[in-house]
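Shared between the two complexes below is chain A, which pairs with chain B and chain C, respectively.
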Partner chain A sequence: MAHTSSPSRSRRLTAGLRSFAGLALTLGATFLGLLLVTFVIARVVPIDPVLSIVGERATTEQYNAVREALGLDQPLWRQFLIYVGDAVTGDLGTSLRTREPIAEEIARYFPATLELASIATIFGVLVGVPAGILAATRPGTWVDQLVRLVGLAGYSMPVFWLGLMGLLLFYGILGWVGGPGRLDAGFEMMFEFDVTRATGMILIDTALAGRWDMFANALSHIVLPAGVLGYYSMAYISRMTRSFMMNELSQEYITTARVKGMPEWRVIWIHALKNVMVPLITVIALSYANLLEGSVLTETVFAWPGLGLYITNALFAADMPAVLGGTIVVGAVFVGLNMFSDLLYRLVDPRAR
Partner chain B sequence: MGQITSWLRDPNPASRLQARIGQYYLGWLRLSRNPLAMIGLTIVLSLLVMAAFAPLFATHDPIAQDLGQRLLPPGTPGHWLGTDDFGRDLWTRIVYGARITLYIVALVALTAPLFGLIVGTVAGYFGGWLDQVLMRITDIFLAFPKLILALALVAVLGPGVENAVLAIALTSWPPYARVARAETLTVRNADYIAAVRLQGAGALRIIWGYVMPMCLPSVIIRVTLDMAGVILTAAGLGFLGLGVQPPLPEWGLMISSGRKFLFEQWWVATIPGLAIFIVSLGFNLLGDGLRDVLDPRSSGK
Partner chain C sequence: MLHTPNITKLGLALAAALMLGAAPSALMAATPADTLVIADAIDDIISFDPAEAFEFSGTDTTNNLYDSLVELDPTKPGELVPGLAESWSVAEDGVTYTFTMRPGVSFSSGNPVRAEDAAYSIRRVVMLNKNPAFILTQFGLTPENVEQNVRVEDGKLIIVTDKPYAPSFFYNCLTAQVGGIVDELTVSQHDVNGDMGNEWLKSNSAGTGAYVLKSFKALEGYVLEAREGHWRGDATLKRVFMRHVPETATQRLLLEKGDIDIGREVSTIDSPALAANPALKLQEDVAGYVFYLSLNQKVEPLNNPAVQEAMRWLVDYEGMTNSFLKGQFMVHQSFLPQGYLGAIDDTPYKLDVEKAKQIMADAGVAPFTVTLNVRNRQDIMDMAQSIQNTFGQAGITVELQVATGKEVLELYRARQHGITIQNWGPDYPDPHTNASTFALNTDNSDEAKLTGSLAWRNAWDPAELNAMTMAAVEERDTDKRRALYEDIQRRHQANSAFVTMFQSINQTVMQANVSGFYTGGSTDSASYWLVTK
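Then we have the complex of A and B:
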């Protein structure tokens, strides 16, 4: 690419600031849109929130008092402003099932999902990136075809079915891993008493408490769900790595490096990989966001006490405030990760500035 | 035969029809050279045939229960894929399930891309503030977690096929709007559009008759590639009990009912999953192949 005249430093800085401000604006608008959608959904629900609090036999005065306390006598736009204000300050309402603040409940469930998605992403990157590079350096060979087929299979399998098949094979038949849940039933009791919930992530908490027997048990339980989720992340990452790498290998600097007599492994794993990492960061962040979403079905299959299970359980109990609270949190994390990857991309790649 | 191919390959077509059919023929030649795409096409066509002639393929009644024949393993005479916990033949239910899957896929494939096309072409053609507003809305929807939003929607609307379709369609139109807008931007200043405008065509006529057809190939590729995702989402909703309701033989729902005795009677949950896997793989392979044929930019990559 021809080198264009570089603009002055201050101009570049303001341009950078403007793109950052634009990004922040988009983030805010998207979050507001998310809240608008959940607000509309909440208002459409044929359940009267007042009635569900005061009960059937409340007097009209009681009913009206609660109605006013909830702000339901205000005009709709006003209600929406209150709703946004509450959500921004971390008040997601009260669960109809447990009568507890939803934000607190979610804070308890969320670490389990985070732990699962993190391990899955690590797995996806560790396997997916090398697989994609191998495929890109040997296009058309059986390695390439294999990577492509394994990836396509990942795109075509329902995650809950793969989870069930994994349980059937590795837990039911082979007995290599733990079953559903985060611990064996025996350890579950001990966990409540012996381990402090410092982070909410079971591997870290048990390690901090020095309970390595419990750690090993937790590991045997997390391997399968994390592996199932990681497979999807791997399918996506390997496919993207392959196409980025193919693109990079056709660049002139690669030819130059080869002509200079640089060993091929160095050309690929150092020179090209460095440039591939730039768009790849975005892909990894996106797949992480997708895993948070994919965890809804996985957690249901593995009885994993995370946010996904929280949402589905609330759904079956017709606890709409909890469902929508969970939706907002997942949506916010999702939107945030999207924007974060975008920002990272702009920071790392000078061409995108 | 030779005459037909030479007519199809004629470099100087005598009519528009011949030119167009010739183009399709060349595309088909390229597609048929890709073995994986042909496998995909075969799978999708088989699904169509199976759904259309379900009563011919089925060996039993998909709904009627026969408790004397409960949970027979695959390979039992008369029930080659086995039976479920109500004694219903799994093969029959898979065959009839193809109808439900196709019904959902077809409804989503008709509604979401059409809506996306309208939004994208209008935004791209008019530009300015309308473009800004429409694309912001699209971005907002694009940034949502699809499955979670679909869950919340179905939770409000109530479970059922139509509501599941509505939820999936509402969450899957934004990519089509993006694609359509990008295509519109490349053609809106083309000479042929200017010519139509000089002849006095209004914006509506130009968009509908001259811009949208140009967007169709890219949108069709995306639709084919997205179909697998639609099938998986629909199955996921069914699995959670939010989509198609029992006793209908929806594949995701069948997996969910087999979950209770996964370790004793594995086939009840396994076989419908295989059906979903094969069908989504078919759509993915076909979509991949179509992209190589229809989209010159990605060919050779």
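Then we have the complex of A and C:
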């Protein structure tokens, strides 16, 4: 057996490498496309970056000097090459407004969004998957209808409205959760001086510092925005889980398992779920990526200093390099998560290897 | 030192957080007693360096970190009071100014304030040449001559201007935030590649103000800490915590819950409801913005004086300020905001469609169509709709063209608009800041590209107002100077390419126990050191 397994393993290795190379190539091409699109957008928007810097009162000489400094007098193809070259080396340019490197600014804001989106996704998965399965196994019953109703509501309500209403109810009237911002004012000032920002994620940083009072306060602040975002992701995940599960439950192997007398919970939660997980991974990854870029309104309503707030702010200030820097990061996260879910997919489903 | 998290504690914390649900809401409210907690949209802050800060939120902060040589008395428009200089004078030649420093004042570092610090601060502004530098360089100070023209003699600060100006003009400019005095010894220690400490001062402070900047995180907030031994007397509140809260509805909730003391960005829709809450109070202070209609003189028949006159009678000033602009704007029909030297409060115009029709008929003007370029800001779009309606009643068809602020600004600077609704905020607390743009256009040709002048942008030749504006900025007698600005404005009001409509108002909502807060009106920035609660 030994002499036959070796070539097959090497063949598998080559195939694996080839598929990995293919994936990397797709990744590169997608990223280049992303850069091209952002570059074109930056050139066609009717906002003059030079005017944004020099201000209303500038003379023509001041204007031209800044235009040259930004390299806007160079031919387009050269501007694009410089743009790509900078982006791949991690240089996203300098913010027009603050004159700080955009990559550094994003590194400062991204952890807050990451923390929020991660908790929201965990919530979405923990509630959405079981809800979807329950609905799929009891089609047409009140459970199914309830899941459908809650899901549809989550899907159709504007997130900023949901956020404001949530704040009004849970913070304003009931006082169950902390208000906007990541901490109460008193704690926020303490956090500023007492806690090292090791990860930029407030729950982790306060836990690492052993400041459990602050941790509890941070948790009471993150519950609501994460809940609002999580509601969205839960709505999507539960709908998708239901349809995948329904599809799976009509398969012959399920009937066989049932005929063999296997307990129903085992049929659903072990056999069927294992196969549902394959497409579900993609759904969860996409929903996660969506939250990482799509929490702009939530971050504004909750005064959450994350990437969404950063990009909106840059947009209002007509700081296009910062907007595009943010877009590239979001795009890269999307591409990266897609690749990750592809890899995971291969791990879960042997046929995909 | 870092502690390792342990599961029990984590569990306890989780339980505590969940139990917050059962806690009465009052437990979570109330801001720390020695801290003033303010919520505002502070995303405009770029720098706290007085030589660089030129945005509202930035200058509001530097006002509490730095002091200038002379200051404006907020209660008496145009009157000066001593700041870090105890006395000042101008020589007979009209170009040499001498300042005697107030003794016994120290910076937050403990270093005494010397005339050398004042000289360094002003030179620094000129050398760095950041956005607000023109406020001082317009007196002929250049990097080449600043060592000579700003110097210390016998412990006194001497500043020499390139030609005689109205002394009040020069002093008023020194009261701007760009005239804030920095601690030379401290700032020099943070010089990196000859940047005169600019990078460091962006997020640190070295001034004589009541507060010291402790931390700043863009899009999050900043913390100021009171210093001991402030020359005006120590601030009552030990700390100021400014929190960036962009959404007005969120600010409203924070106020109602008592989680902030002051909300500075509360929308007008919310403020009456908040004012009705006995735990809160509403304060209105005038602000410096003037809102006006701009008529491009290249567009027929906007260059007809009869059409301009008719348009002044076609704006529903009262109707707007009594309805959708209530509390946000007041009727103001001259280019100097209330609070400025020479400001007038004449409001000769009101909505009178019949009169407007008569004026146009007498001048033989037929009904016409004109474009109104509008920024996509709610208040401005509301104004545009009202104007479209009232102009229409007199046979002027207004076509609205809505675009982003930057797009409209580009059209305006390129003289390609029809009519546009614009606002203008003064750059420094002297009448020349507005007069030099509304009533001065030294070359009306396209090639001149005097884009800084609003008169030029409208292709409007101010004729005799050019000379009057230049005379006013050189008039050494302050009373005569005031009279000149009054005259210029009345002429401008009656005959120009502008229809000035409103002045903005700052609305602040605060807890009922907060007192002493002032936004600074139209000429100054916010002061936190006077606040008690």
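Operating definition for what follows: the second predicted complex is superposed on the first by the 297 of 353 C-alpha atoms of A that agree within 3 Å, B and C clash if a C-alpha of one lies under 4 Å from a C-alpha of the other, contacts with A are read in each partner's own complex, and residues count from 1 in each chain.
Operating definition for what follows: contacts are C-beta pairs under 8 Å (C-beta built on N, C-alpha and C of every residue); 3 or more make two chains touch, one makes a residue touch a chain.
Every value quoted in this text rests on a predicted model; they were computed, and no experiment measured them.
Of the two partner chains placed by superposition, chain B and chain C are both touched by A:300. In the superposed model, A:223 makes contact with chain C only, not with chain B. With both structures placed on the common chain, the touch criterion links A:180 to chain C but leaves chain B unconnected. Comparing chain B with chain C, the partner in contact with more residues of chain A is C. In the superposition on chain A, A:158 contacts chain B only, with no contact to chain C. When the two structures are aligned on the shared chain, A:167 is found in touch with chain B and with chain C. Legend: residue contacts after superposition of the two complexes on their common chain; A:123 is shown touching neither chain B nor chain C. Contact with chain B, but none with chain C, is seen for A:324 once the two complexes are overlaid on the shared chain. When both complexes are overlaid on chain A, the residue A:288 reaches neither chain B nor chain C. Residues 164, 167-168, 172, 300-301, 316 of chain A lie at the contact with chain B in one complex and at the contact with chain C in the other.
Those residues of chain A that touch chain B in the shared complex are 26, 29-30, 33-34, 37-38, 41, 44-45, 152-153, 155-161, 164-165, 167-168, 172, 243, 246, 289, 292-294, 296-297, 300-301, 311-312, 315-316, 320, 323-324, 326-327, 330-331, 334-335, 338.
Residue ranges on chain A touching chain C, taken from their complex, read 46-48, 51-52, 55-60, 97-99, 105, 108-109, 164, 167-168, 171-172, 174-181, 184-186, 188-189, 192-193, 196, 198, 207-210, 212, 215-217, 219-220, 223, 300-303, 305, 309-310, 313, 316-318.
Taken together, the chain C residues at the contact with chain A in this complex read 2-5, 9-10, 12-14, 16-17, 20-21, 23-26, 28, 31-32, 35, 37, 43-44, 46, 131, 134, 214-215, 217-221, 223, 239, 241, 243-247, 249-250, 253-254, 256-257, 259-260, 403-404, 406-407, 409-410, 413, 427, 449, 451-452.
Taken in their complex, chain B has these residues touching chain A: 136-137, 139-141, 143-149, 151-153, 155-156, 228, 232, 235-236, 239-242, 252, 255, 259, 262-263, 266, 269-270, 273, 276-277, 280-281, 283-285, 288, 301.
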